[in-house]
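I'd like to ask some things about the structure below.
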Amino acid sequence: MKYAYFPGCSLSSTGIEYDLSTRETARVLGIDLWEIPEWNCCGASSGHLTDHLLSLALPARNMAIAEEAGLDVAIPCAACYARSKNTELAVCNSAEMRQEIEEVIERKYEGKAKARALLDIIANDIQAEVIKEKVHKELKGIKAACYYGCLLVRPLAVGFDDPEDPQSMDNLVKSLGGETVDWAYKTECCGASCPTTVPETGKKMLERIFESAKNAGANCLVTACPMCLNNLDMRQGQVEKTYSKKYDMPVFYFTELTGLAFGVEPTKLGLNKHFVDAMGLVNEVLKADGRRETA
Amino acid sequence: MSVNEVQQNKEVEQNWEPKILVFACTWCTYAGADLTGLSRLQYPPNIRILKVPCSGRVNPQFVIKAFQKGVDGVLVAGCHPGDCHYTSGNYFTRRRFLLMRRLMEYIGMEPQRFQNRWISAAEAPKFQQVITEMTEEIRTLGPNRKLRDDQW
Amino acid sequence: MKRVGVFICHCGTNIGGVVDCPKVAEIAKDYPGVVYSVDNKYMCSEPGQELIKKAIKEQNLDRVVVASCSPRMHEPTFRRCVENAGMNAYFMEMANIREHCSWVHASEKDKATEKACDLVKMAVAKAIMNKPLQKATIPVTDRALVIGGGIAGIQAALDLANAGHVVDIVEKEPSIGGKMAQIDKTFPTLDCSACILTPKMVDASSHPNINLITYSEVEKVEGFVGNFDVTIRKKARSVDMSVCTGCGVCMSKCPSKVDSEFEMLLSKRKAIYTPFPQAIPNKPVIDRDNCTYFKTGKCGICQKVCTLGAIDYTQEDEFVVTRYGAIVISTGFEQFDHSVYGEYGYGKYPDVITGMHFERLINASGPTMGKIKRPSDGKVPKNVVFIKCVGSRDVAKGKSYCSKTCCMYTAKHATLVTEKIEDSNVYIFYMDVRTGGKGYEEFYNRTREKYDAQYIRGRVSKVFKQGDKLIVRGEDTLLSQAVEIEADMVVLATAMVPQADASKLAQKIGIGYDKDHFFTEAHPKLAPVETHTQGVYLAGACQGPKDIPESVAQASAAAAKACGLLSKSEMLTEPIISVVNESICVGCGLCVPICPYKAIDLKTISERDHGKTIERLVADVNGGLCQGCGACTVACRSGALDLKHFTDQQILAEVNALCL
Amino acid sequence: MGNISLTGIRESNKEKLQEVIKESGGVKAEDCYQCGKCSAGCPVVFGMDNTPRQIMRFLQLSMVDEALKSNTIWMCAGCQTCSVRCPKEVDIARVMESLRILAREKGYITEKSINLFHELFLKSVEATGRVYEMGLILGANIIGMKPLKDAEFGLPMITRGKLALMPHKIKDNGEVKKIFENARKRGAKV
Amino acid sequence: MVDLTLEIRKTAKELLEKGEAKVVLGWEKGNFPYSTTPVFIDKPEDTERLIWDEYCINNLALYMLDYKHLDGKVGIFVKGCDSRGINRLVQDKQLDREKVILIGLSCPGMKDEKKAKELGPNADIPMAQKCQDCRYPDPVVYDVFLGEKQNKKVPEKIDTSDVEEMETKSPDEKYRFFTTNYEKCLRCYACRNVCPACNCKECIFDQTATGWLAKANNVSNNMFFALTRAMHVGGRCIECGECERVCSVNIPIMLLNKKIIKDINFLFGDYDAGLETEERLPLGGYDYTDPEEFM
C-alpha cells in the first residue's frame, strides 16, 4: 500500500502531533507514505471564500505531482482533504474546468490521482481484523466522543461517511479496544476560523460540543482535523472560563490513539504537546490491563 | 451552380410557393391545428397536414420520400413528452428524429427544411407561429432540389 | 379501378366564403379514380347526407371523400352515412378544408382554393387505398377482480356486487380492511374508524356476489379487456378454512410471539394469528417464518389443541386461474420509511414515531389500551412535537409530491393529544397547512383555537436525544429565529407511498406507473379512474395520495366504469390496429418493447422450407390490447408490421398525391 | 419599519442577481421554498443578523444588496450542514460563499476581522507557498488592532514546537506565484 | 502474426469427428495470395482447407443465417468483429447461441486486399481501413480460444474525426459529397448482403408493392436507399466495416454509419453494439431525460 502523502501546513506547525502520529501509524500498518515534494498550501480555508478558481487550482498542483508519480493522495487534514477532493471532482466532472485548471497550474492533472482522507483509508480500507491484530495495548478506559466535524462528511460528493451519524472513526476506536459514545454533535461545526475571528460566536459553538460530549459520558474527544483539534484543545480553557464550566476533556487525533494502541511511545506521537493534559488519560490506559502478547 | 440550375431557379422563382408537408398526430397537433382554425388565427397557406394517430407512427422513410417527391419542407409534430395519448409514442419519436434530423443535416439538407415540434391541442398560437416561421425560412431558402427525384 | 365520389361542403359561407367550392369540385373530377364530384351548401345536413347516399347507389361508388370540417367533428356522421348506403364505413375519407383551410387563410382565396384541391387530392389517394374494416366483437366475462381489500377495494366490490356482478377480492393480508382498520378516528368528524369500516367488511364477506380471496396475491395476468386470465397465488394458510370456526384456542396457546405488524410492532402477536380481533375472515394463518414447528419441526401445539383438526402443516401455495371481464386495482399505500432521515435519528429513537404508530397508541384496542405512552419507557408525554412533510415535498431524501392527508391527520392527532393528556403541549412544525375539503379548514382552526396547538412554520432540521428528552430544532420562519423544543415524543407525518411491489404489479397487468410508482390514470382530468389498458380501473391511494372520502368516491367511480363494461355480454373493438405480415416478419422482437400496451408477443410458427418443416418466431399482435398508435410499425425494418387504416401504402399514397 | 417597494425591484437588480447566479455556478434561489431547515440546523445562526433562509428570501426578491450587506455571509463557517439537509437540494453554502466573494469585490465587508484573516492567509500562501501560522495569528491580531487577543497561546505554542518562529517555505515558490498570477489573469480578485 | 493454421485445422477436425459440430465455418485460401473466402467444412478430412493468415478479413457472422435451421451445432471461427456480428444475430433472435460453438481468434488486423492487388506481390501492404479503426480485435464472446489474446490498448471511443470534419462543411458541400458518391451506387446491395445487422427475412428494398423504393437507379433513389439503410442499422451497426469493404464502387458507407453511432453516443449515452445481447437497443427504448430539441 503506497500513497502520496500531503501533510498540509497545519501538520508542520500547530498540528505537529498529527503528522508524527500519522507517520508512526502508517509505519506499523505498512503503509508507504511518499511526501509530495515541495507541496504547497491547499488554500483552505480562505481560498474558496475568496476565489473559486484559485481554490481549485491550489490543490491541483499537489494532485498533479501525485498523478505524475501514479499515486493516490493520503490526506490527514480534513480541510485539506475537502479542498483536494473538490478539485478532483471538478476536474472529473468538467472537461472545461480541467482545461482551465491545467492552464492555471501549468501542469497536467486529469483527475486520475484520487484524494483520500487518511481516516477513510485506515478505518475503511483496512479491515478491522488487521487493525485488531496490530493492537498491542487495548484502549481500556477510553470513552471517546468521536468528532467528525464537517469536512469529512459534507458535502455528500466529498464525504465518505454518513453526514448525520458517521461510524468509521467509532468503529476504528472500538477495534482498538476503546469505547465510544453515541452523541448528537458528531458532525456539528466547531466554528472553523470563528473562534479566532469572532470569538464570542466561536466559543458558544465549542461550548455546545463539550456539553453534548460530556452529557453523553465521554472522557475525551477524537478528531481527524487539525483545525477542530486546535479549537477544541487550545480554546477549551477559554470556553471553560467564559461559561464557568469544567470539562477537562483531552482531545486526540485518531492517529494518536491508533499509535498508542499499537504500542508506540506517547511522546513519539506528540501526546505531550496538547493544551488540555492528555497524558493523564494516556497513563491510565497504559496502566490498565489488556496488554496483549502479540505485538 | 450550373447554368442550367440557375435557369431552372429563375423559372420557379416567378410563381414558386413553398410546399410543406406536416405530419400531425390526431390527439394533439391535429387538434391544435383545428383550434387554430376555430380561433381564426391566420397563417400562410403553404402547409398540407397529413393526419397520423401518433407521431410515433411517422416513419423517417416517409420524410425522405416526401423530399423525393418534391416537397420543400417537412414538419413532424406531436404531443409534448408526457402528454402522449398512447403514453410513450412521442418518446420514440423524439429518439428517432433526434437522429434523423442530424443525419439529414449531415448529408446536406438545410435543417430548416426538416423540423420537429411538440404542439399541444391547446397551442393554437404556437401552431400559427411555427407554421409561419417555417414557411418564411423555407421561402428564404428557395425551392428544394436536394434528394428530389426529377422524374416527378 | 376504384370509383370515388367527392363531396365538397360549403359549410354555409364558412368554407364557401373563402374556398371556391364549385371549382374544387370541378378540378377533383380529373383526379385519378374520381368518377363523381359535387359541391353542396351543407354536407352534414339531412339533404347533404341524402345526396351522398344517392350518389353511392346511382354512381355505383365504392369510395367517398367528404371535404368539409375537421374529421374530429363529423367523421362519425359521415361514416354512419356511407354505412347506411351499404358501404364500409372506412371507405370514407375526409379532407379538412374548414379548420385547416378556409378559416386560417381567409384573405388568400386563391391559395386557399389551391390548398383545398391538394387536401382533396390527398384524401382521394388515401381513400383508394383504404381497406374495408370491421369492428370486431369480443365476449365479455361477467366477473370482476378487485385487487386489494382496503376501504377502496371493499367499496368497489360492494358497488359492483350490488349491480349484480360477481366480484372476487384478492387481499395479500390474512384479513381485508387495509390501512383504515389501523386508524383510530377519522377527520374531520372524529368518528371511530372501526365503527364505520367493520360493517362494510361484514357486508362484503356476506354478500352473495362477493368472494374474498385473502392471504393471496396476483401472480400473472394474461388476456385483454373482457377476458383477463388471472393467476392467483393462494398462500398456504396452514389452516383449513372449511373446517376452522375461528374459536381462537390455537392463537392463545401458541408459544411463539412475534411483533405485530398491525400494531406497528408496538405489541406482540402469535405465530398463528389473525391480524386484529375484528379480522375478516376471522380465521387464523400460520406465519411460517416465525412458527417454531416450521423452523425446528418441533412444537405442533396448535395442531394438538385444535379439536376440529383444522391445522394442516402440509398445505402448499395454490394457484388458481380465473377469467375476469374487468379489474379494479386498489392496492393502497404504505408509509414512507423515515429511517433515511439521519437528522431525525435514522429511526433509532423509539420515541420518534410515525402517524400510524400514533393511531395505534391512541386506539382503545391498541397496545396501550388507548393511553398515549412513550414506546421507550411507557411514560405519558407532556410535550409532543409533530413534524409534517416527512418524506413529502422533499426531493432530496423523499418524494416531490404533497401527501395531501397529513395536514388533516396531524390536526386530528393534535386534538387527541390535548384531549387525552392533561396539561400537554402540542407543537406542530409545518411548511403550509393545506385543508382543502369539506369541513377541513374549520377543523384545523378548532385545533389551533380551541385545542391550543402551537403551529410553527418551519421544517425541523434536527432531532436528537438529550437525557430522556428529544431536542427538536427548527426555525420559526415567521419570527426568523431558530427555536428549540424539549419534547417527550415526536410524531412524524410520513409520506404516503405506493406499495413496494406496485411497479411489479403494474408490469404484470400492463399498466403505467409514474416516477413514484403510483399507477397512472388514462387521463388526469377526463379519465381519472381508467388506465391505458382497457378494462383495468384504479381506486384509492394506489393512484396517488388520497384520504378516505376520496378513496371511496373513486372506488365507486371505478365500479361504475367496470359495471358499464360488464353489463354487456359483448363489446366492439376498434379495427384500427397493427397487423403482422408473418411471411415477412423475421421475429427480431424489436417491436415488443416499444408497444406501450404489451400487445405484441413473439410466437412460434411452423412452415415448410426447402422441403422440411421448420419453426420460427414471428410477432403476434393481440387485437384486444392494441390501441392503434403505430409506434411498432416504425421499429419494423422490413415493414412486416403495419397499422390498419394508416398503412405505409396509404400514407405514401397521400405523400405522392400531394406532389403530383 | 418602512415599506420596501417591490415594484420594479426585479428589473433594477437583474444584473446583480445574474452575478450571484454566475458566481455560484447556477444555484437557483427560486428552488427554495423557505422551510427554514437550513437555518434551524446552522451552528452559527445565533451570531447572524439574518438567518440563511432570509438570505435566500432576499435573493428570491432580487434584494441582492441586502444579502451582500448582511453579516450572515461572513459568519457562515462553511460547514455545509444546510446544503446537505436542504429538502430542495439548494446549495446554500455555495450561495454564502459566492455572496462573500461578491461582497469583497464590492467592498461590503461587514466583518472586517474575518476578511482580514482570509487576506493574510492567502498572502502568506502566495509569498511562501505555505501558510505561516505564527505570522497569520500575529498579523491578524496586530492589524485587527487586537494585538493581545490570542497572545496567551503564543508562548505555549512555541514551547510545544507547534508554532515555528520562522515561516516554512517551499524552495522554489515560482510555481505557486504563477498560480496566483494566472488566476488573477482570469479575473480572480486576490 | 502467429501461425494458428494448424491449430485451427486440429480444432475443426476434432469438432467434426466428435460430432460436436456438424459444420465448421472458417476461411480458405482464394485464387490469389491476397484473397480468402469463407468456407463451410462438414467432413473432417476437408479441414485441411482451413487457413489463418493476414487476409482472413471476411466477417463470417452473417453466413450463420444459412444454417439457422440446421439440426446440430455449427462451429465458427471468430475475430473481434465476427464475434460482435454473432452477438448482433443473437440479440436479433436470428441465432440460437446454444447452437453455435465460437472459436475465438485474436485478430492482429487484416491487410487491405484491394491495395495488395494494386501494389503487387512484393510490396508492403497496409492494414485494411476497417482494421485500422477496429477497437475490439479480441473476440468479445467465444467458447474456445486459440492462441493468445493481445489485450491491445484501443481507444475508448470510436474515432469519428472524419465525421466531424464532414460536419463542418456547408450544406451544399456535404450534399455534393454524398451525391457524387452515391451517384456511383449500382444498388447491387453487396453492402446489405454482407452486413450482420441486415438480417431481415425480406428487405424492404426488395418489396416493390409498398412503393418504398423505385427501381430507377438515380441519385434520389440511391440516397433513399443509403439513408434508410443507415437508419435501419442505427444503434445496431457493429462497426465491422464490411459494407464499405465490399462496395465495388468505393462509397464511404461507414461515414453514414459512424455519424449515427456518434450521435447516439452523444444523445443517449455511449453505446457499442454487439458487445452483449441483453441490453436495450438505443432505438428500442427511450429515456424521459433524452435531450429535448423539439419545443
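Each chain gets a letter, A, B, C, D and E, in the order it is written, and its residues are counted from 1.
By our rule, a residue touches a chain if its C-beta (ideal position, glycine included) is under 8 Å from a C-beta of that chain, and two chains touch if they have at least 3 such contacts.
The structure presented is a predicted model; accordingly, all values stated were derived computationally and were not measured.
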Starting at chain D, fewest touch steps before arriving at chain E: 2
Mutual neighbours - chains that touch chain B and chain D alike: C
Central chain (distance from its CA mean to the mean of all protein CA atoms): C
Interface with more contacting C-beta pairs, comparing C-E to B-E: B-E
Distance between the centres, which are taken as Cα means, of chain D and chain A, whole angstrom: 23
Inter-centroid spacing, chain B versus chain A (mean Cα positions, whole Å): 63
Centroid spacing, where centroids are CA-atom means, of chain C and chain D in whole angstrom: 52
Centroid spacing, where centroids are CA-atom means, of chain A and chain E in whole angstrom: 56
Residues of chain E engaged with two or more neighbouring chains: 212, 283, 288
Residue list for chain D, restricted to those that touch at least two other chains: 46, 81
Touching two or more other chains - residue numbers and ranges from chain B: 60, 65, 88, 92, 96
Interchain pairs in contact, sorted by label: A-C, A-D, B-C, B-E, C-D, C-E
In the complex, chain C residues that touch chain D: 343, 389, 393-398, 431, 457-462, 473-477, 480-483
Residues on chain A engaged by chain D in the complex (per definition of touch): 9-10, 12-16, 38-41, 43, 45-54, 57-58, 61, 100, 103-106, 149-151, 154-156, 163, 187-189, 191-194, 196-201, 204-205, 208, 234, 273, 275
Touching residues (chain side chain B, partner chain E) in the complex: 60-61, 64-65, 68, 81-82, 88, 91-92, 94-110, 116-118, 146-151
Chain B residues touching chain C - in the complex, by the definition given at the top: 17, 19, 21, 26, 30-31, 33-34, 36-38, 40-45, 48-54, 56-60, 62, 65-66, 69-71, 85-89, 92, 96, 128, 152
In the complex, chain D residues that touch chain A: 23, 25, 43-44, 46-47, 75, 77-81, 83-84, 91, 93, 97, 100-101, 104, 111, 113-114, 117-119, 121-122, 124-125, 129-131, 133-134, 137, 140, 149-150, 153, 156-157, 160-164, 168, 170-173, 175-176, 178-180, 182-183, 186-190
